[in-house]
Amino acid sequence: MIKSRPSKYILLISVLIILLIFVSIVSLCVGSAQINFSNIFDILFYQHNTWQYSVLTEIRLPRIVLGFAVGGSLGLAGALLQGVFRNPLVEPYTLGISGGASLGVSLVIVLQLTSIFGLFVLPLAGFIGAIITMFFVYFLSAKKGVLKINSLLLTGVMISFISSSLVMLIMSIAKPEALHSIIFWVMGSLAQPNNNLILIALIVSLIGLIISYFFCIRLNGLALGEDEARNLGINTASTRKWVFLIASLLTGLSVSVAGVIGFVGLVVPHMIRIYTGPDHRILLLASFLTGAVFLIISDTIARVIISPIELPVGVITGIIGGIIFVYALNRKQMRL
Amino acid sequence: MLRNIIICFCLFAACCSFGSQVNRIVSLGPTVTTELNILGVGNKIVGNTIYSKDSKNIAKIGNITEANVEKIVSLKPDIVFATDLSNPTQLALLKKLGIKIFTMHNPHTYQAMCEEFVKIGELVGRKSRAESIVEKSNREVNVLRAESSKYPKQKVFFEIGANPLFTITKDSYINDFIKFAGGINVASDASAGIYSRENVVANAPDVIIIMSMGIVGKQEKMIWAKFDTIPAVKNNRIFIMSADKLASSNPLSFPGTLKEIMTKLHPDKVK
Amino acid sequence: MLSVMDINNLFAGYGNKNILKDINISINNGDILGIIGPNGSGKTTLLKTACGIIKPTAGEVVIESKNLYSLSVKEIARKVAVVTQSIEPVMITVLEYVVMGRMPYYKKFQFFESKEDYRLAEKFMQLTDTLRIKDQYMSEISGGERQLAQVARALVQQPLILLLDEPTSHLDITHQIKILDLIRRLNKELNLTVVMVLHDLNLAAEYCTKLTMLKDGKIHLTDTPDQVLTYKTIEDVYDTIVIVEKNPLSGKPFIIPVTEENKQLTKS
């Protein structure tokens, strides 16, 4: 069994990568513009001046790439946080990051700063809001530089409540157009027109993945309990601090570029853990890839299910994610 | 000299030519669709929201707040008319793909509404038709304004939303309906947001106009009946008007709606 | 006699409160040192200080002539291995758990265990009689078996000194004897130095070569079990009347508590 473990991991990762490529191709071929599948290869390589080419490369392809980056980031952040907190209900938004980002974006919308600085100021405000929240939560719950798990959770949830109340306050005094903009943003969407932002999200998500791999052994140790981990030579305080930072940055970036897309960070690590167990050496990468696949599938469904109306992608992730999760939970014993 | 005239003529033609080259229009709001129909370019609309009830084979591209970018692109429009409620991200995507967009802002005044109407006319090559419609509208409105100025001013509370209570401030052209009809909007200086029913009672309007939403309108009337210190309640001057007529006004329909409001404000005087 | 760990003038506690006051102990190579004392006397605190979890407010813990706190957490884990009272019921196999004991030796970018790591794990699992359950999940085995697995994991760390915090408190008599027999065997065969916190005085008497009795955070007495476990010391420290006999099999002290009923009998 020991000797077959690396090969078991390789099999799972290969399957996930193939699945990722498959759903990406399907997502590229499917959409409201109804481009014929048989023409797609032709369009992509030879017909660069057609509107079909624009649809494929400027509308669908950026969404797929962003779905990969955001789905991967959220899946990874969820796995990291669940590993550090040893709590199955923890997910990237539990720590209040999405609340802070929503607050930043709402302020900018209601103060009409987009008309002065352009649409770019929205993700920037979201990211700044997320980072400020991260610092708030950290400093409110750290005593002598040590992050206590319970106080971190409580502080994060409280900040989340405060932020959403403030956002509701802003919404209640906003003009109808501003109100609509805020709601759009909060509902979450992969339709980001700025390709540079998508590129940034992609690069950061991959860097986040690589860096988090340096913590997988330590996370394995943390799973045994605080004392046991320390006795194995793991600097638990430092591990918690770094993992919190990485997860918060990944979440903050995702939320500022794509709005609040829930459920991915909660459900994906659990689903993976049911099959792989709590070994983070496989869990982190598998969560990243599964998150990406899940979000791309959800976005594709959101785009076409009641075309021409597009549903918010968060609606699909919530419904599908919930159903799959309940099913999986009943079938296999949960490996926490 | 002749050469100069020819050059000027060509430039002028070039300027107008965009308008006449608009053959495929996508509208992201039913108000816009109505105005395009009035201007006589309804047959050039290739894409519409699901709220526009037309029997022609016009593609549906979404609702007022969500537009399907792919669908719009596949229709190859020459121009897309968007509204304040359109999703800015989707508009940015369309812009990125080189599609011409004109965003209509909810007019704050009747004059702004007319100016915007002419602008639309210019964009679709029907400038002169737009201008003449506006001119006729102006004449009729001025006649009505002159008439209403003779009557005593009426305090009006205009309710456009119930549960929670929403009203019209001076940021909306509906305020002009009230002004031109010889009324004073009690909430004109209020900021956006939920309006307090207490304030209405304190302001004691002579007339309450409820923009109807079916059963809700009748229910609201019953709620107001409890506050019989309000003159509008005492004198049974609470009216329900249809949302379509008010919220989707255009220069053509404006005078008719204005007259209707005037009859509500000054019942004995206006025929 | 080579001392493995020296605790000098140690004051330690939680927050601002000092639970331990002026502790001085020398743990020699090959000792099985038992730490005994009433509840709240600081036994667990002393153990936690000895493995680096609690920092002393004054004094020092010295291991291999180095101050324990000058070492990194990883270096400490290579010298000191701890068996705690309980661990989280994680769904990993016993083998996967035991081999985690090699973590203090992983190189910076090492992600997977080496063949040598597994060989050591299996060797110590054999010694602790846990090799037969190597593929069962930690959350599925009994408390006693989990304790043995923990010992295996601790041994895999190849420490200089093994600390155990009340290793017998949750176990039935079979497993209590099994685990202490194992520790004594390891001590003899591998020359393993052991420090155990025990609440059962008879087991402490039977298995330990040296005893430290704590009272109110201070050392009352450090000596062989014969010298420490007299009725007088026990009455002084535990405030309980006992009779101390000799265990007929081993000759070690055997404590018989005098119950209320018995007191009446002895009086009359």
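Should a chain be cited, it is by its letter among A, B and C, assigned in written order, with residues numbered from 1 in that chain.
Convention: a residue touches a chain if its C-beta (ideal position, glycine included) is under 8 Å from a C-beta of that chain, and two chains touch if they have at least 3 such contacts.
In this text, all values refer to a predicted model and were calculated from it rather than measured experimentally.
Engineer: Moving step by step between touching chains, how few steps can get you from chain A to chain B?
Structural biologist: When the steps are counted carefully, the minimum from chain A to chain B is 1.
Engineer: If I average the Cα coordinates per chain and compare with the overall Cα mean, which chain comes out closest?
Structural biologist: Answer by centroid distance: A.
Engineer: With centres defined as the mean C-alpha position, give me the chain A-chain B separation in Å.
Structural biologist: 41
Engineer: If you average the Cα atoms of chain A and of chain C to get two centres, how far apart are those centres in Å?
Structural biologist: Centre-to-centre distance between chain A and chain C: 45 Å.
Engineer: Approximately how many whole Å separate the CA-defined centres of chain B and chain C?
Structural biologist: Result: the chain centres lie 83 Å from each other.
Engineer: For chain B, which residues count as touching chain A in their complex?
Structural biologist: Chain B reaches chain A through residues 50, 59-63, 65-66, 68-71, 73-74, 76, 84-85, 87-90, 92-93, 95-98, 106, 171, 191-194.
Engineer: Would you mind writing out the residues of chain A in touch with chain C in their complex?
Structural biologist: Of all residues in chain A, those touching chain C are 1-2, 6, 86, 213-214, 216-217, 220-221, 223-225, 227-228, 230-235, 277-279, 281, 335-336.
Engineer: Help me check something: in the complex, which residues belonging to chain C touch chain A?
Structural biologist: Residues in contact with chain A: 51-53, 72-78, 81-82, 84, 87-88, 90-93, 95-97, 100-101, 103-104, 106, 109-112, 118, 135, 157.
Engineer: Please give the residue numbers of chain A that touch chain B in the complex, ascending.
Structural biologist: Against chain B, the touching part of chain A is residues 31-34, 51-52, 54-55, 58-60, 114, 119, 172-177, 180-181, 184, 189, 191-194, 303, 307-310.
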